[in-house]
Structure formats: structure tokens, C-alpha cells
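Before I ask anything, here is the structure I am working with.
Residue numbering begins at 1 within each chain, and the chains themselves are lettered A, B, C and D in the order written.
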Amino acid sequence: MITPLRGRDELDVAGLERLIEHILAGGVAGLFILGTSGEAPSLSYRLRRELIERVCRQVNGRVPVLAGITDTSFVEMIGLSRHAAGQGVSALVTATPYYFPSGQPELIEHLEHLLPELPLPLMLYNMPSMTKVSFARDTVRWAVQQPGIIGIKDSSGDMLYFHDLIDIARARPDWAVFVGPEELMAEVVLLGGHGGVNGGANFKPRLYVDLYEAAAARDLERMLELNRQVQAIARAVYRVGRHASAVIKGMKGMLSLMGICDDYMAEPFHRFRPAERQELERRARGLGLLP
Amino acid sequence: MITPLRGRDELDVAGLERLIEHILAGGVAGLFILGTSGEAPSLSYRLRRELIERVCRQVNGRVPVLAGITDTSFVEMIGLSRHAAGQGVSALVTATPYYFPSGQPELIEHLEHLLPELPLPLMLYNMPSMTKVSFARDTVRWAVQQPGIIGIKDSSGDMLYFHDLIDIARARPDWAVFVGPEELMAEVVLLGGHGGVNGGANFKPRLYVDLYEAAAARDLERMLELNRQVQAIARAVYRVGRHASAVIKGMKGMLSLMGICDDYMAEPFHRFRPAERQELERRARGLGLLP
Amino acid sequence: MITPLRGRDELDVAGLERLIEHILAGGVAGLFILGTSGEAPSLSYRLRRELIERVCRQVNGRVPVLAGITDTSFVEMIGLSRHAAGQGVSALVTATPYYFPSGQPELIEHLEHLLPELPLPLMLYNMPSMTKVSFARDTVRWAVQQPGIIGIKDSSGDMLYFHDLIDIARARPDWAVFVGPEELMAEVVLLGGHGGVNGGANFKPRLYVDLYEAAAARDLERMLELNRQVQAIARAVYRVGRHASAVIKGMKGMLSLMGICDDYMAEPFHRFRPAERQELERRARGLGLLP
Amino acid sequence: MITPLRGRDELDVAGLERLIEHILAGGVAGLFILGTSGEAPSLSYRLRRELIERVCRQVNGRVPVLAGITDTSFVEMIGLSRHAAGQGVSALVTATPYYFPSGQPELIEHLEHLLPELPLPLMLYNMPSMTKVSFARDTVRWAVQQPGIIGIKDSSGDMLYFHDLIDIARARPDWAVFVGPEELMAEVVLLGGHGGVNGGANFKPRLYVDLYEAAAARDLERMLELNRQVQAIARAVYRVGRHASAVIKGMKGMLSLMGICDDYMAEPFHRFRPAERQELERRARGLGLLP
């Protein structure tokens, strides 16, 4: 889930409530907040805490809420975890520390220190384009043996790695392997992955739920048709801007065009300029995403 | 300056005082806290604030204190800046945001937003190995035109880039260009740079001050002799460990061996194990760094 | 196809004949020689020419032969192309020039110069891990408009890129999009790709043909079962060695264990040492790849 | 030395003779042909051989000629080496193999195979931006022990690495450590390096010879003044174009403007277009490089 903002350090509270209802109405199985699309590293700790509170209150147990605690500071990670546990979050999610690049033994030791401090189960989040470091295959093998770790979300886009994750996860049937990029969700679910954490579900949740279900049910015709829509949306919505910010800007721009929430973005980014917004609108109409 | 720690989220207060006196006794021109060697991104905000207070109190105006505010959250950067200004810090230092990689136009806009919020002058800190993004030459050209920005510290190790920085800074005589890696300080100062922000000055400050002065005075013989010592120390002290953490571990290990402060390190790292510590001690004795 | 060698600059002629018959007996649709697995850049031009001759004679029109002409020297590329045309090769294959990294406009101009000189249709080969440069999406859009270019083989492993290739290729129904890594062939074919150029087909060609056919026929059960075998082979056979050479060593090692051809490798690599060979044999037996 | 070309696979013979006389008149200590600036990987083997012959004949023993044999094919490397030895070349130069990235043990073994086959001494050439692989410090330590290897040219631009090279070379007084980028030559020579292999010496050889001599003589004032000129030339001449080709295009463009030789470039590059050529001319006049 993106984080609806009205300004620097200010949540778009009404927009947040609309967004949550919009997503839940689409039938999603859970909500992941404070990830990359949630701009978590760009938010103040105060706002991250407020977001957790408001999301948990609004969701009110209808689906599990997963909250990102990725940080460079161990102490802040623990603080946020405790806050999350107190609000009713179901599980925590962490990428690797992302200022200092850890070696894999350091990464395992970091997780060994972290696990006993966490009040909730942990899901790993592989995001090397942002954090510079991947969870190496052997580190994931170790993680599967930790009762406190319940799965991994992989946003690397590297399907060779993903296939190995599926293989490694066979050692523990309750261990989840999710994919980040929605363009890969169909094949991932078909080939043994457990689902996707897809940004497009912010603005069109039903499509991604339907795609998941078609893949899980092995309804190939339907899966291929829905997958074509997903690919077309990704190509249209996430490539209006340049730089790494284009994807989040696209999502927030869509939600703003749909009247769901504000498209304010935390520094170092900014919302689309009018010309980009118009281009996004044009593309979205072309795909039938707007009335 | 490294950050002396006694444990997770706990400063080594007595060690910090000894360390500051040790460094100042070496004749340094200023103190840079909360940089990479200071493990700033790994520290809680509470501890960062405490460190700023204690350092300013201990230094008590004898030299300027520069404080790093590098962060992924704009709001936290401003909060830390205000705190620093209230304690007597002289200037702030920031690298690029380091989770999301910004394009250069985004980076300039980020700085444009930042400058009016800062109560103190700003120095840039180029650290692409950690932040993934460099301040491009054209961005530095823009920065030289900003009265609120007073210089740049470059830790890229890329001397082709550094020579361009010196050239760009000619447009503003008061603009400082410092180098990070101490192995490059001699040549940098000789060729027009303004100094170094050198980690080795934590444990042997006089050597780096002497090297700077020899280079600034163009005393070539002395500069070459001191430079040889600096190179030998870098090779011995910073390569006991592996991974990116080896340099900081080496500095903290030296300070611990010298009885100045604890060598506790914040996650995701840890101090040297006994075998590494012994190896460091052996090397340090070989170089006459320990009695 | 790997290149069977008996020594430096010496083909394993008998092994080559056995290998071709082994692969063709598996039902493959074509033979790609002088690619990465073929160690083409490591071979002398004399040997490359000899290989083309011998392969064409042995295949004798039973399947199309595609020959790699990837080179850093334009003149040598043309020379090899003419030789290939004279021997009966069906199409040429080229990656980007791989010493100097070209910008995309330079790459298009390079292809514009190349096409009129080529006596045969050209297939692109995207291999950025070796060549440092990808065929950017816009370059592929340009390529689809060139009658002399008939398709692309993508070995990047980047499925987001691959999905875009499929989309771009819709503009020209006869344009082929093949995948390099065999671990991705099933999903690629299922989702609109046209096939794979898979190294494992050197030693177990029928498996990859069956996998292709199951995916093309949308026989999901069979596809998943065969895909599991393919994944297991990749994990076992291609990871005995370290470094980038592990995959080719694994293939050649398998063929040597099967008595099909020598496992000599051109510099800068060398065949498996005895311990690695034994480990490969152990794994291959575990998978039923050896009697 | 760049390679003067008149067209695809055609040397600019008269230009080559003028260029050699121009460079030798500048007082250089040696001539390095078939390196990166020489576009060696882009040339046919026939032309490389012709170049070696013509250069050796023209130089006629006045200075040593070093010839690059960098290649992906071991057999072609040896062939070229023998040809070079027969023409009077003094030493051979090789970067790492550059299609397949070797691990360091593979690289050492590659050199172990190569050395007994070479009829001339070998100099290493560290060029990771093109070859993807560096000669690691431990590999250089090994190389210093090999009588057949006489030095290294480092074009990485990484001065931390370069300082280690100087340190490693202390083990063998006759072992040369040269730097590639001319912007670094002054500091390198001052700090213990043995010289530079500088592209700018193609068009203004005396300047680089003078800079070397000033640095070697520790004539600081003169060195700094000459170094300023070198930096200004690099900034003006090598940045007219974009992409990796800008440096060679700049050199060839200068030589064309000076009437010394043609600026034809081998694929995948091309000479400057008229607008770029005019811009280069404008800059060159501004620096007094043209009458």
C-alpha cells in the first residue's frame, strides 16, 4: 500500500480511509504497509507510527496487516516493531540494512539479534535495487529454519533466484514466497510461489486478486487474459516518469485521478507535474482505468 | 569521528570524552560526527541527539563541530538539524538520500527544499558506495552557486571526479573540497584540495595533521615520508576484517587497544572477534602504533 | 551447443559428430553454435570456421544451424558471416560489441552498418552479463522494423524485460523471442515466448524439447513435472564450480561422463579437476542422468 | 597511440607515419600500440598485424614499442605475439580476457599458460571498465614474482588501488607501475609510480613528457602548472561526445584538426559529426591547441 500524504509529515487521513476500503473491496488477502511503495524510509517515525495506528483501526481485523520495519537503525526497528504489535499488526517485514552493505554472515547475525527482540513473526523482503544486498540463497536456507521467520517477498525481478526460493521453501510448508513485481505474479503462482505483493492493487485490487486466483486455479485462459491487462497497466502507468520514482508516482497519480487520495510524495521525490499527470490520465483512459 | 558505544543504544560516555581530547590534542581543525565512520545510520535518533549534545559540550568551541544529518527521511533531517543548531554545531553534512536513488534533477530539488529549512550551513558528502548516487558534476556546479552550501567531502576515491571538484570550486574561493580516504589526502592537498576528513585521525590525529601541513606547505620530503606511514596504517588497520565493515572495525579496534574507548559496534556489525583483535594488535605493534 | 575440444585450438572431431547426433536425436528444432556456451570468443577464427564447416556437413540440412558472429571487430564479424553462408548456415546471431560499451544510438548505427554486409538473416542475442550492454527496449523496437533481423535471444534472466520483448514482437508475427536460461523456458513459452536456446539440451535434449512442447500445448501438469526436472538439473549440474565458468564446465563435464565428447575448455578456463568431476558424477547419478 | 584509419579495415598509412614522427618529436620514452585508445579489439587481425609492422619499421628502434595482445582468444593472442616479436616489438601488453569474466585463480592460471608461449616480456593492463575484471591485489603480488611479467598499467582511475600497486611493486625494483588516465599522472609519479601511458600524448606529446619530468624531478611549481593544462585539455577534448567513445573520438578529432591523420573510427563507433567537430575545434582554439 502506498502512503497517502497531504503534505510533508502529514497523512491524508480521509484519503487513507478511502484507499483502505477501496483495496479491501477488491478482495485482497492482506495489506502490506511501509514498504518501498509506501515510501517508508522517507517518512518520519512519528508518521510511520500514526500510519500503523490508523491502518489497523480502519482494517479492524478484516485482513492481516503486515508492517515494514526496514531501517538502518536496529534500535528504531525494534521500537517500531513494538508499536506495531500494540496496534494489532500481524507480521513485520524487513529488507536488509541499506546504508552499510552487510556480508551474508553479518546479515545472519543481524537477524539472529533481531528475532528475539521482535514481538511478531518476521517476513524477509529482498530488494537489492534499493538495499544493495540480497538475501543470498544460503541465508534464505538458514532463514527457513528460524521459526520466527515466516517467508520472503522477492522484488529482485530475478526469476532464477525466485525458482531457487521456491525450492528452498519446500523444506517448510508454511513458509511463504511472494513476488514483488506484479508483471511476474502469474508465472510465479503457477510455478509454485504463494502470491504477490503488487503495487497495482492500490488502484485496481480486483484485477490482481483475479489474476492470483486464476493462476492458483490453473485457469490458463483466464490467467493469460488477466496477465495481459496487468502487463499493459505496468507499461502505461509506471513509465510516465523517469528515475526510480516513476512507479510510485504512477500509483499515486492514478489514485489521485480516481479521487481516492492525494498524490503528494515525500522528499526526495515529488508528485507528477501537470504535463505528466495529463499523460498518465490519457494512458489510463486508454486502458479503461478511468471512467 | 567514530561513535564510542558501550552497548546497543548506549554511548560510551567516558570513552567519548577521552576520544575527543585525544583527537583535539592532535591538532585537528574540526570534528565531523555522525558520518559513515560514526555509524550514524545505525544509531537511534535519541542517541544521535545525545551524541551531538555531549560532543558540543566537550569540545566547547575549541574547534568547529560538523554533524551529519544524512537520512532517508527529510523530516528527520530537519529535526536533527535544529537540534544540532541548538547545541552549537557549526555546520551540517549530508550525503544523498540513500534508499531511493534520486535522479540528479530530483536531487537538486531535494536540496532546494532542504536549504531553507536548515539553520546552519550545509556541506555535501559524496559517498556513492553507500548511497548508490553521486553528486554529478553539474549538480556540484549548481551547489557552488548556493550560499547555504559551503563545500563537499568526497569519499568516492575517484580522483578524476575529485580533480573536477577542485576545478568547479574555483568559482567560489570559500568553497571547500575535502577528501574522505586518508590514503589520498597528500595528493589532494598538493593539487588544490582543501583537506581531508580522515578516519585514522581517530587514533593517530597528529599524523594526519602533520601530513596535511606538509602537503599544504609543499614540504615534499616530509609529505612523502608521512604519506608512507599513512598508507601502511591503512593497509594494516583497515584490512583485518572483510566486508564493508572492516574500516570502522579497525578504527574502533585500535581505540580499544589504546584504552581510549569501547569497540562495540551497532548492528548490523559487531566488534572484532578475539582472533581478529589479536591480529590487529600484532599489526599495530609492528607499525609502532601501540607501546 | 558447446564446442567439443581436444586441446588448444583442436576440435574433438569424433566427439562433435557424436554430440550433434545426440542432440538431433533429442528432437531439437535447430542448432545454435558459437554462442556463450560454445565458448566462441575464446576460439581462434580458424577453429570457428572449421566448426561451422563440420557442423553444417554433419547436420546436413536436418535442422537449421544458427552461428554466432559476436565479435568486437566488425571486419571479423563479416568475414565469419560470409564463411557461414557458404557452408549452409541458416541465420547469424550477434550480441552487442563487448569491449567498448556502446550507447544505444551507437548500437543502432553499428547494426545499420552490419545488416547490408550480412549474407544471412540476423538474430540478436541479449547477454549483458558478458557484454555489459543490453539491447534497450527502444533498440529492439527499431530492430523489429528491420527485415534483416528475425528475432532475439534473451539471456539476461530479467523477466520484466522479457515480457516487454514479447510485447514489442507483437508488431511482427514472424519475429522470434527466445530465452537463454532453461530454468525460465516453461514460463516463457506459456506466456508468449517462442522457445528456448538451452544449454542442458547438449546432454539431455529430449527433456527440453518435451518441456517446450508441454508448455506450447499448455499441458500444465506435464509442464510442471518436466520443469521440476529442469530446475533440479540446473541446480545440480551448473553449480559444481564457482565463477562464471561453472555452467559451461558442468555441461562439458556431463558430456564427458556420458562418453560423448571431451571436456577440454579453452582458456581462460579449464575442465573440472578430479574432485569436481566426481562431485558432478555423484549429483548426476542422483538425478538419474547417468546409468 | 591511436590507430589512424582511412576506412573500414584500412590504415591511414601516411597519417600513421606523421603521427609517429609527431609523437616521437615530443620526446616520449616509448610507444604503446593496440591498446584501448588504439581501438585494438575493433580491428581485424590482419590490420593489427599490418599496424605492428608499419609502426616498428617507422620507429626503427628509436624507442621501445609495446603492443597490446589483449584478446578473448588465447590462440589469437599467441599468434599476434609471435608476429610482434618478429617485427621488433619490445614488450607485449594484455588486459584480462574480456568476454568471460574470470575468477582470480582462473586469471592466474590463464597467465601461467600464457607466459611460456610468449616470445617477449609481458606487461599487465588493468582496465576493468572494459574487461569487467581487475587484476586483484593478490594476483598482482603473484605477477611481481614472475620474471616474464615486467609491470602493470592501471587505467582503473582508482588511486587506492594504485597506491597498493606501488607498494606491491617494491618487491621488485625493475617492475613498472604506469597509470592510464593522464589527469592522474602528476600525482602518480610524485608518489612513486613510474610514468603514464597517456592518450593526450597523441596530439600534444611534449606536454605529457614535460609533466612527467617535472613530477620526477619534484619541480612542484612547474608540475602544478603543467598539470593544470593537462586537466583543462582532458575536460575540453574528451567530453565533446557522450558514451565511452568520447575520449578516443576527442583524440582522433584533435589529430584530424591538426592535419596529422584521419579521424575515421572502427565500428561500433564513428568520428565526430560536423557539429561536434566544430565544438571540439572551438574548445581546442580556446586552449591554444590549434593555431
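Just so it is clear, a residue touches a chain if its C-beta (ideal position, glycine included) is under 8 Å from a C-beta of that chain, and two chains touch if they have at least 3 such contacts.
Everything quoted here is computed from the prediction, not taken from an experiment.
Asks: On a CA-centroid basis, which chain has its centre farthest from chain D's?
Replies: Most distant chain from chain D: A.
Asks: With chain centres defined as C-alpha means, what is the inter-centre distance between chain C and chain D in Å?
Replies: 35
Asks: Just the number, please: Cα centre separation of chain B and chain C in whole Å.
Replies: It comes to 49 Å between the two C-alpha centres.
Asks: Of all the residues in chain B, which ones touch at least 2 other chains?
Replies: Correct list: empty.
Asks: Can you tell me, using the touch rule above, whether these chains form a line, ring, star, complete graph or other shape?
Replies: ring
Asks: Taking the complex as given, what residues does chain C use to touch chain A?
Replies: 157-160, 163-164, 167, 181, 183-184, 186-187, 190-191, 218, 220, 224, 227, 231, 235
Asks: For chain B, which residues count as touching chain A in their complex?
Replies: The touching residues are 8-9, 36, 39, 41-47, 72-76, 79, 96-103, 106-107, 109-110, 113-114, 130-132, 242-245, 266-270.
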